[in-house]
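Below, chain A partners chain B and then partners chain C, in two separate complexes.
And then the complex of A and B:
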């Protein structure tokens, strides 16, 4: 007698909201591209010290090479050895324009060295992952050669290194400022929606006044409240603060609206009846309901802040020397007017990074928004 | 008034008004009653009679503004044995009472639990708030409470979310939450209205059992007289923001002294037995004619007068006082003695 053993029925497991969102997100090709790109960009920022062959402010006072074009890298030398090397740089004068121009000095060759440490070079020392002090570089060349992968600026500083270091500021400023904005928006919107009445009126009128003033004007005005020659680190925090102060209004409005409706839920009254305080109810029972919205807001606000910071730095009231952000590096491109753009187009490279970062964040933000929206489920 | 035991809660002349754009709504207008220790008091009345506002006033959960407790006192003796006037307490003192001395369960078990937390979390919240226990101990208490209210596999259920439970289960969770700190008084605001009849009976059984075990008092707000007969020791009938009749549950059902109570009793379909109302044919299910009066514009006299078939000229003159009809039974009707007479004749 043969009996067929019934195959055990697999119980369908209920999916958590996060796993649904993740699977939806993965199905969106643009969002995947965005996420991958962001991963690369932030990895770049984290490893900036390792990737950059030079220090952030490293330049030679005796042999200043302003506005050098990208250094060509050669692969096969005269002896037929294979391996990347660069030639020395010699300053020359263009007899037509009477400007400096740099030509390769083929008499000097320096091989590109990988994973070299640079003991004694203070400028090149950095803290790997923020902890381990080291001067290990992915690639570098020894003096007297210079390796300007993306050209140099007017002081002769390596633009590639500065873009790497600048990414740390540009990418973190967006995140920190938008987290601050979310905290401000949640607190203000939560208070306004929960307590209503006069508090609500005051906060909401404040939001309206803030949004009635043109943003750029407000940015400049707020920046003018602080000394222009303040400590560069302090300026970094001032810029973050200004961005957050300007940005919280829209979020506060939406949080207020959500709180207004969820505060009428029975479970809020039930929590009050159990003796929970106002703060506890706002923090524990009302704000978590806005989580989905906050996540989407964050991912869409970050590119906005990256742009705002770039804008501020571009007009010269953002990040100041010696620090660099993509915006302040881009400002270099306009030194000397449009003509200089033609003469040294490589100064526009930081702009490419701004565009990439903003695009990537927006792809991710759009992907998240669609993934959280049950009507767009595929 | 014959106090059978120690008075736990005494509401004296409570007036809770709401200021609206159209005028002042006197939702509760001079309500007086008390609850003894270990007793169940049912407050009965239709929508808008002020029963829910009364219970919310006791918890001080009236939204202010527009609401306001304008007069009266609510004297409550908590677990610490000190009598306090709830109306005068600060918000911080009130928070210590809520959930700890007085708990409340609500009408809608489907929406009274926060969907984003597990039921264990929500029960543990009250325990952590009032008993200073840490999260782990509180979760232990939560599981114990779930077992106490008859939920099977409580260790597993504490980690479930409200949406994984049925309405009856959720109401059990609400009860577990309310009882987690051993309150002296449980206010149940129509706790079974949203449940189907079988579950209703289970929940009522559970509440009776728990009351025996803990020895708490229950203030039971309902419009369901069947539930009242099952649960209550004493009954307060409210109409138009005032108490119109108060007394022992048997007295109220056998010998109502107010036409509104009679009307309520007659609107329950009960095959066979019927309360005799003078001048009404037997065996017919009667509805009370008319509607609840506009709370903005209550009649000058008895609030029930426009709907009352026994109304006389004197009813329109002034609000009748609460007459003591004996045995702790009180009625706000000037003709109560006539009803007593007729009913005695019928039973004789």
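And then the complex of A and C:
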């Protein structure tokens, strides 16, 4: 007689909300693309010092190479050796337009070197991952050659390096400003919804007034509060502050609405009856209800703030020299007038990164919104 | 019309509601501008380009030696009377400086509004009638792109493209500023109006692309939802032609929120036009405001913010009124 071992009946494990959301999110191809793109962009920001061949503000005071076009990279030299190298740059005058132009000096060749350290070179030392001081660069060329992958600006600074360093500001400002906005919105909305009465009226009036002034004009007016020539680091924080101040209203309104409706629920009354404090009720019982909304809000607010920051910097009231953000780099393209745009189209490259970052965040945000929405389950 | 009778008190109520908001908003803007570093009155006295008589007159008209809150009421009184103060950089009253840039911004906004509806409604309807078709997918994809691209960057790209066309084909491109400098001065009014129009075209298209992208998707969603409703099925069942079903029965309902959004669209465009004005060198409100910021020309800063806010509120009022005309239920709340 054979006994069959009863195959254990596996109970289908119930999924937690987060695992459902994650599996829904993964099924959305655009969201996957967005997440991958964001990974690459933020990796670029973290490794900016390593990827950038030059320092953020590094330029030669003796031999200034303004508006050099992207340096061509050659692969096979005269002897037939294979390997990337660049030629030197020589200044020449275009006999038709009488403008400066740069031609390759084929008598000077410098190989592109990988993983070189540059001890003692000013501006090239950076902190790898924020704490290891090093001057290791992914690629670089030795003097007298210059490697301008995406051209140089009016001071002769390498635009590729500035775009890399600029990504740190552009990408972080969006996150910091939206987190600040969420904190502000939660506090104000929470207070308004929970205490109601006069506090509520005051806060909601404030939201209404702030939203009654068109955003761009509010931004410009708020910027007038601080001197235009303030310390560059301070300006960075000013911009974050301004963005947060104009952004919190919408969220506060939603949070207030949610709290107004859920504070009438039985479990809140039970908590009150048990003697829970106001802070505890707001933080433990009311705000968690808004978690889903806040996650979606965050992921859609970040691209908005990236756009706002680049816009502010673009019209010259955001990030200032010597620091760079993608917006302030794009300002360089605008400042020279229409003709310069034609002469040096490579100054448009920073804009591509703004588009990529904004699109990627939007894909992720839309993906999250769909994943949280039970009606849109796939 | 019967409905007008009940709409009027509603409008009146809404106007009463918007007055405090306007007062508080301008008060806020006034405080911010006044809080800007530096004592304004002493700065004025030290400024060699401002005559002492002007300072004296401003002191009297705007109460410059009074506390800020009193100054605000001086300013408000003058604003209501139509005196916007003195511009220091232009050395003229703000009343004379403001109308030009204001009209220029309005040109962009008006052409933009027309374009907005003329494009987004057909695109939205087409996408809803043929959902998930190739054209619909293309529109969705394009709207994603246009929503992600900052308007100023897109403007730079367009200018670059126009310059390339100009070079390669020798076409004369309406680029930069409001009018072309090559035109003779003694041309007929319609010719110069046309000149302004073609100069405004590229900036306006860029200005509204963002709005069109989201609006056409929104209309698509609305129409799809309405098309799934019972009364549409009834109409189809009793043999109404498909065109009639879509355009007469469904579209009217689906467009309600869009039409009500008109009021919000105007101020959004005024704000959004800012970056484009800067890139295209269009002499509108934002370039005026930016130079005023650089020169601490506070009456311009204050006036532009106040006028833009007023426009914004009037736009909101307009959309509320439109909505109440379309949907009578709103009036009773």
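General remarks:
Methods note: the second predicted complex is superposed on the first by the 373 of 378 C-alpha atoms of A that agree within 3 Å, B and C clash if a C-alpha of one lies under 4 Å from a C-alpha of the other, contacts with A are read in each partner's own complex, and residues count from 1 in each chain.
Quick note on the criterion: contacts are C-beta pairs under 8 Å (C-beta built on N, C-alpha and C of every residue); 3 or more make two chains touch, one makes a residue touch a chain.
In this text, all values refer to a predicted model and were calculated from it rather than measured experimentally.
In the model built by aligning both structures on chain A, chain B fits alongside chain C without clashing.
After overlaying the two complexes on the shared chain, residue contacts for A:276 are found with chain B alone; chain C is out of touch.
Contact with chain B, but none with chain C, is seen for A:289 once the two complexes are overlaid on the shared chain.
Judged by the touch definition given at the top, the superposed model places A:321 against neither chain B nor chain C.
Judged by the number of chain A residues each one touches, C leads among chain B and chain C. In the overlay built on the shared chain, the residue A:220 is in contact with chain C alone; chain B does not reach it.
With chain A as the common frame, chain A serves as the apex of an angle whose CA-centre rays point to chain B and chain C; its value is 80 degrees, to a multiple of 10.
The gap separating chain B from chain C in the superposed three-chain model is 17 Å, by closest C-alpha atoms.
No residue of chain A touches both chain B in one complex and chain C in the other.
Chain A makes touch with chain B in their complex at residues 197, 265-267, 269-277, 280, 284-285, 288-289.
Looking at the complex, you find that chain C touches chain A at residues 21-22, 24-25, 28-29, 32-33, 35-37, 144-145, 147-150, 152-153, 156-157, 159-160, 163-164, 167, 175-176, 267, 270-272, 274-275, 278-279, 286, 289-290, 293-294, 296, 301, 304-305, 308-309, 311-313.
Against chain C, in their complex, chain A makes its touches with residues 205, 208-210, 212-218, 220-228, 303, 307, 310-311, 314-317, 330, 333-334, 338-339, 341-342, 345, 348, 351, 354-355, 358-359, 362. Interface residues of chain B, counted against chain A in their complex, comprise 59, 61, 65, 95-100, 103-104, 106, 108, 111-116, 125-126, 129-130, 174, 177-178.
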